[in-house]
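So the structure is just underneath, and the comments pick up after that.
Chain IDs A, B, C, D and E follow the sequence of writing; residue 1 opens each chain.
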Amino acid sequence: MNTLIAISGLGILSLIAEIFNARKAIVPMTIIGLLAILGLTASEFGLDKGYYNNMVVVDKFSSAFSCLFIIITIFLVAMSHDFYKNQSTKISDFVAIKVFLLAGAVAMVSFGNLSMFFLGIEVLSIALYILAASNRLNLKSNEAGMKYFLMGSFASGIILFGICLVYGATGSFDLKAIYQVIHYSNFPQWYFIGIVLLLIGMLFKIATVPFHFWAPDVYEGSPALTTATMSSLAKIVAMAALFRLVVKLLPVQSYSFQVIIVCVAIASMLVGNIMALRQNNVKRMFAFSGISHAGFMVMTLLCLNNAASVLLYYAAAYAVAGIAFFAVVIYVTREKQNETIDSFNGFGKTHPLLAGILTASLLSMAGIPILAGFFAKFFLLNQLIQTGWIVLVIVAVIASIISVGYYFKIILALYTKDSEQNLPAVPLAYQIVAVLALLLNILIGLFPGYVLNLLG
Amino acid sequence: MSTLLIIFYFLSAITIATAFLTIISKNPIHSAIYLVICFFSVAGHYLLFNAQFLAIVHIIVYSGAIMVLFLFTIMLMNLNKEGEPHKKWATKLAAVISFGLICFVMLAVFIKAMPVIAAYKQTGQDFQSIKVLGKVLLNEYMVPFEFASVLLLVAMIGTVLLSKKEKSVQ
Amino acid sequence: MDNILQEIGMENYIYLSVILFCIGVFGVLYRRNAIIMFMSIEIMLNAVNLLFVAFSTYHQDAQGQVFVFFSMAVAAAEVAVGLAILVSIFRNLNSIDIDNLKNLKG
Amino acid sequence: MEKKLALVLLLAPFCGFLFNVFLGKKAGKSISGIIGTLSVLISFFATTYFFALLQSTGQPVQVDLFQWISLEKFNIDFSFLLDQLSILWLLFVTGIGTLIHMYSISYMHDDENMHKFFAYLNLFVFFMITLVMGSNLLIMFIGWEGVGLCSYLLIGFWYKNQEYNDAAKKAFIMNRIGDLGLLIGLFILGYLFHTLDYATLKTSILSNSAVLSNPLLSIAALCLFIGACGKSAQIPLYTWLPDAMAGPTPVSALIHAATMVTAGIFMVTRMHFLFDLTPYVQDIIAIVGTITAVVAASIGLVQTDIKKVLAYSTVSQLGLMFLALGLGAYEVAVFHVITHAFFKACLFLGSGSVIHALHGEQDMRRMGGLRKAMPVTFWTMMISTLAIAGIFPFAGFWSKDEILMTAFHGNIVLWVIGSIASIMTAFYMFRLMYLTFFQEFRGTEEQKHHLHESPSLITIPLIILAFLAAIGGLISLPGNSWLNHYLEPFFNKAHEAHHLGATEYTLMAIATAGALLGIGIAYSKYIKQNQLPAEDSEIKGIAKVLYNKYYVDEAYEALFVNPLYKVSHFFRKYVEEAVSGFVFGLGKLTNEIGNQGKSVQNGSIGLYLFAFVIGVSSILIYLFLV
Amino acid sequence: MNVSFILILLLFGAIATYFAGDQLAKKVALVFSLASVAGSIYIFNQHMAGIDTNFRENWISNPNLFIALKVDGLSVAMLLLTTALTSIILFSSFGNQYNNSKNFYALVMFMSFAMVGTFLSADAFLYYIFWELSLIPIYFIALLWGNGDAEERKKAIIKFFIYTLAGSLFMLVAFIYLFQKAGSLLIGDLYAIHLSGQEQFWIFLALFLAYAIKIPIVPFHSWQANTYQKAPAAGTMLLSGIMLKMGLYSVIRWQLPIAPVAAKMYMDVFIGLSVAGVIYGSVVALKQKNIKKLLAYSSLAHVGLIAAGAYTLTLDGLRGAVLQMIAHGFVVVGLFFAAEVIERRFNTQEISEMGGIRIQDNKFASMFMIVMLASVALPSTFNFIGEFTLLYSLYNANIWFAILAGTTIILGAVYMLKMFQHVMLGEAGAKVFKAVTTQETIVFVVIIAVLLFFGLYPKPINDLITPALQEIVTKINRQ
């Protein structure tokens, strides 16, 4: 709860800073503030408490994920100053929106009442619509914003409908009350319809097949930093929220429900990876890769009891790798109209450090040890095999194999092609973010126990 | 057939018809007008439920704010002509098919699920007067209420952000 | 009119909402004019709101109606942002036909 | 003491090899040659010591060094055995080896790589000693392959010529085919008896009567024989030996006449206790030997290359030895090995002397009348020719006669064929002599001008060998055989002395008559009628078939080599492509799906929403309506 | 001191090499790799003296994973092989000038680290990590410093990478499954679990996929020839000399003892496949025109034989496999180095463009020939010991396996001698062959010394590996 309040306050603070013309101070101030909030959240870890009529429930799950979101937001904010240097008058708006987005994100993992969940997801979504369209003179950005907005609100409608049916069936929005109802009394079948619609909406947000079509277009069109936000932050927020929803609202799953999850996961992994193979735009490729990762993460829904820590680990690994990836991508492509793979030609020779970081983050996502991505996949498959869905495991493996194809396309471009471009000096912020993200990646790779045991 | 039922059917017919007309009208202005009627009919439904406060708010927000916004935008863009170009028959077909499909599926699903409905019980307690709503909203739902302000704030900043011209940096 | 649900029946409201919701869906799919699509989404939200109120009465519980307020707020915020995006598209493209928005694909 | 001396015996040639490899070039040709010769001579002396020791004590000397290969069921040690058989073999290997080394000092003096030649030759002797001395089959196998390697190196000694290299390669590969057989044989023996040591093997085979009924035993014997076929150039693996004449002549004398090619006979004799128990295999050996003898002899009839004639003669003689082995007359075969070593080495060295004098000319059609220019060479070769033709009282007479006698007692058909081979031998050997040494010189004037007798380093070995070829028969006279007596402990049985009866004398007479017949035909053809073998293009009829060696090489080429290369080509061209294409195909397929997928993702929101709705509908249908 | 210090040494070596700069990199790398050889010998001594140098720490408590390193005869043998060959390979590449040599040598050191880790790991998870880790450096080595057309190289190497990764991922699945059963991935625990025949079959198959691709066994070999050809000499040597031994080692260490029932049941199939590889590799090698490809196919044939021996599940087979792994490691490095020596001078890999080298440099010809003869398993070379033991074990399985696999003796001689003839012999061509340098000579001499010494006296290695293999055979035969 305190986290939520503090984050909202921080957002407002950064808006106020603009008024006092402290534009330069906004980013550092926000980062410091976020660090403080991170400390605050971490200090509350282990608490299991509901605030304000159970509107916000702080438990290990929410605290851990909140910390993760805050860390990622710090990275994203750190890159903002340089990224928005052409729109420096709007920097406070951008930072504020990111901070509010974080508030939405925290709400989505610590909700105790569906209204908080709904508002959280709307804050997150609307912030993202804005960020996607924020490069208003760029038609691609507009198109991305429009597509995201249209499909997003469509999905919101479905989520709302789902919530409505849940309410209709149980007569409450409160998770505990709902829990009581579904465990101790009869309730109409709509409940399940509602849950399913709710889940479909969330599956849309995390971009799984067949609700994934928006993702490549939006990722490609949005400004790179926004793409980073969507791919690293929004996706794992939605996934965590989905996980929490299923844990709280559908603790016992029917077989056919599992089949749906399995189908969605399989389709996402395959479609995402296969489609990514032929992409020439790194952001678009990353979108498809994200779809496949969404497929991976969705599989945690099959083993709710002990998959929370695995999900946390996977999300952390994925997000951290994504941040490192985007830190480099943003730097390389910021002067360019598009983000083709050719932009990376010869980058390995001119910028060995950044190229190395990019390589490492790609390897992490491809699941090569000892980077975190590998452990994430390992723990996930480890959980999954217990559920008995061997076919999923096989598909996951095949998907991983395919994924190497496109991740290595970038690596090939980095090292084997010659460059004919002159890039400006690397902004310090990007470099720091990239290095820190990679370090974090390696650290949680080497000591996975620290993350895994958080929710154990 | 009771009066209530007749009113319900009447209102429902208006709601559905105007909703439909909103969609198929070629002129956006007409669509907007139909939509306003639709909103009013929905408000009528609210009144049927005795939810007066909600009905009022509904009219204020939707018809008053949102529709004005729509109309304003339509005017701003000078879209009040029946200018929508040809649509491919395939997209139409797809739309009709999916409409039919989703409609059929949802209705079928609900019809199949319906028997669980328990008998309607009336407690007689006041649950939807302004007073009660206010209490619920500002006590139990205080946090979401505050959080909605964050939502609106974001929307506000966003709209400004999207419309504001960048000042060139010195 | 406290006995409304006895008279009309919960199921009729559900059907009405569903049909209205589906009309909204239809609209989003059928039209290429972004403004009409927004309107269709509003119809969808309204359908849900109506159902909320019906359920609220069904449960004799104010929460459903409270939720409608949030939903309205969300609708308003969405429309504001959506129209802002629309305006900037219109400025760039001089059109709001979403069929023109096909630069991003593949 | 014995152990050290045995090691000296073994390693002296190896030291010579090392010296020649590393220091040979610096030391100069003469030193290199002398060191090479001395190293073999040391071995020879060591052998004589052991020979004397064995004569006095009668006890074989066993030298165990260390454990070499360990298998689950048994170990194979690095150890050596000096018994009657191996010492006998060592005597003539090192003895003839020394002579040939000596000969080579002069013969190879003009070659720039003489030190290398001696290195290889020493290495060969080393491996040959290993082969002979090894106390188990696997040590023998080291030598077995080692001599094959040296043969390869020496055949291809003039490696600039790719044809020679082809010949060397062929020899090595043909040998390897046999080696595979040998190895399989070893596996079977190891599997059956858990040892490869001769002594233990013998006791376990003899003590284990149950094993007699095991067909594996025959297979093992057959496999060993296949190995022997490769090494000793028997049908079907003989074709390498004539080609091996590409090497320098001393090599042909040492390796391809006197020592290495007899390794097969050595091995069969070593394993006599096994072959004794497998009569079918013995029959096969006898038949193969006989056929080889006659086939090779018939090819030898028309060859014009002096060394090729000798090569086919060698194959033919080896065939006779196998005939004896197949009939169980091991000591007879051994006897012929020894006499053959003497006269064939002499013949090769003599031919080398001729070739040396003619500066590399090997075609007998370009020779003639050398008798006067090269008397020593002529006479020594004449003695050896008489020996190989089987003329009394030269060495070959006794040994060949014993083989034919054995054959007569064994199977009359074998005797007939063997005799025909002998007649042929007499014919082509005298053909060789007549064409080379009689009549007029047919070479160029240039060559004629330079005709000369070879230096003493060449003639001395010739004389010694000719002497041995003349008197070699003494070691095993019928009725009073020192050799048989000497080998008795090895064969573990008292040899019943031949009773020379009427049959025996008749047989001797027939054999001599046959030899004389062959000589007579040769005389009438090449001296009386003064014929010359036709030029290559004019050869017709059966002669052409013979001249082309029954087209066996071509047949092998068509039957084995070409199909193999075709298969290889097929594999490389199609199977590899297919396998690779399959893997790439999977990649291409996914890529293609990706490409198609791109057109689905066509940027239209309508489509996306449509998919969304379809997705929602199908999930709802599946969950709630099905 | 436990065995982990070698890993630390190598990793530190890789880092130090990277930071030493382009000038010093190779020397630093060599120093560290020699130090690791010394370390391995120390471990060897400790092991022979019966001193325990195992290492085990809990790494992740849930799931229960360990950093566990196991020292037994088998792993020590592989450790020695890896460190020794790494030193040789490093030293052999001194004759080349590489761009960014610090990266190159650091990658080689890192690869050595990963491979040593693979051989030492006693926890399947750690083992898998090292297994995958070793793939990354070789990928970059082959990609960045390889030869031939860049596009084709990329294609070949990405194929190699994806192919091997694909195989190993199935291995990971198998391990995960085993983890569910055993509750830990410690090798001892994995040996101890009881699996049904069905389970064993699938696990065996999954592991087989990984190993068959790595080794490679026909028909999973299609990555091999092209990769060997395109990779730089050092890369090819690392791949063929050590890396494919990882597959064979794993068969012995992991696959067979974990799924013995399946291994026994389908023994003939897997031996058959391996033997097919022997013949196939030999036959294809007959017609190769590229020397590195020819050596690749010969390697395919040899490792096929090793795999076949391992799948016989007998002590002889395993022992032969290990001996031949070591022997083949040295021989193949020698052969590829010979190809590299020629390429340095003639700038080609096409056999048709070579010839007449022996005339110009007899020393090189002799050394090449010895290595070549070792590769065709001439008795008294190390390879003969291995090949003999292997063929003997195959004979014990089935005589036809021995005969079919034995054709490698013939065919190997055919293609090797043919290659030697056309590469080395004949008249000198137009190209000048500069005499081999001292540095190149040293490489050959070391390799030849090893091959001949152990060819005559394999006892030390035998004594080292036999107890370990005996134990594995016991595990295979457990009920």
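Going forward, contacts are C-beta pairs under 8 Å (C-beta built on N, C-alpha and C of every residue); 3 or more make two chains touch, one makes a residue touch a chain.
Since this is a predicted model, take the numbers as computed values, not measurements.
Enquirer: Which chains does chain C share as contact partners with chain E?
Expert: A, D
Enquirer: Could you quickly compare A-C and B-C and let me know which has more C-beta contacts?
Expert: B-C
Enquirer: Which chain's mean C-alpha position is the greatest distance from chain D's?
Expert: B
Enquirer: Name the chain with the Cα centroid closest to the overall protein Cα centroid.
Expert: Going by the distance between chain centres and the overall C-alpha centre, it is E.
Enquirer: Between chain B and chain E, what distance separates the C-alpha centroids? Give it in angstrom.
Expert: That pair's centroid distance is 70 Å.
Enquirer: Taking the mean of the CA coordinates per chain, how far is chain A from chain D in Å?
Expert: The answer is 78 Å.
Enquirer: So, what's the distance in Å between the C-alpha centres of chain E and chain A?
Expert: 42
Enquirer: Using the average of all C-alpha atoms in each chain as its centre, how far is it in Å between chain A and chain B?
Expert: Centres of chain A and chain B (C-alpha means) sit 30 Å apart.
Enquirer: If I count partner chains per residue in chain C, which residues reach a count of at least 2?
Expert: Touching at least two other chains: 14, 21, 24-25, 28-29, 32, 54, 58, 61, 63, 66, 70, 74, 77-78, 81, 84-86, 88, 98-99, 101, 103-106.
Enquirer: What positions in chain A touch 2 or more of the other chains?
Expert: Residues 115, 119, 122, 126, 129-130, 133, 136, 147, 150, 154, 189-190, 193, 216-217, 405.
Enquirer: Would you mind listing the residues of chain E that make contact with two or more other chains?
Expert: Correct list: 162.
Enquirer: Chain pairs in touch?
Expert: Chain pairs that touch: A-B, A-C, A-D, A-E, B-C, B-D, C-D, D-E.
Enquirer: Residues of chain C touching chain A in their complex?
Expert: Listed in rising order, the residues are 14, 21, 24-25, 28, 34, 37, 41, 44-45, 47-48, 51-52, 54-55, 58-59, 61, 63-64, 66-67, 70-71, 74, 77-78, 81-82, 84-86, 88-89, 91-93, 98, 101, 103-106.
Enquirer: Report the residues of chain A in contact with chain B in the complex, numbered from low to high.
Expert: So the residues of chain A in touch with chain B come to 4, 8, 11-12, 15, 51-53, 55-56, 85-90, 93-94, 96-97, 100-101, 103-104, 107, 113, 115-116, 119-120, 122-123, 126-127, 129-130, 133-134, 136, 186-190, 193.
Enquirer: What does chain A use to touch chain C in their complex?
Expert: Those residues of chain A that touch chain C are 115, 118-119, 122, 126, 129-130, 133, 136-137, 139-140, 142-147, 149-150, 153-154, 156-157, 160-161, 163-165, 167-168, 171-173, 190, 216-218, 220-221, 279, 284.
Enquirer: For a test of understanding, state which residues of chain B touch chain C in their complex under the given definition.
Expert: 2, 4-5, 8, 12, 15-16, 19-20, 22-24, 28, 31-32, 35, 38-39, 42, 45-46, 48-51, 54, 57-58, 61-62, 65-66, 69-70, 73-74, 76-77, 79, 84-85, 87, 91-92, 94-96, 98-99, 102-103, 106-107, 110, 114, 117, 120-125, 127-128, 132-133, 136-137, 140-141, 144, 148, 151-152, 154-156, 158-159, 162-163
Enquirer: Please name which positions on chain A make contact with chain E in the complex.
Expert: The touching residues are 363, 368-370, 374, 378-379, 381-382, 385-386, 393-394, 397, 400-401, 404-405, 408, 412, 415-416, 448-449, 452-453, 456.
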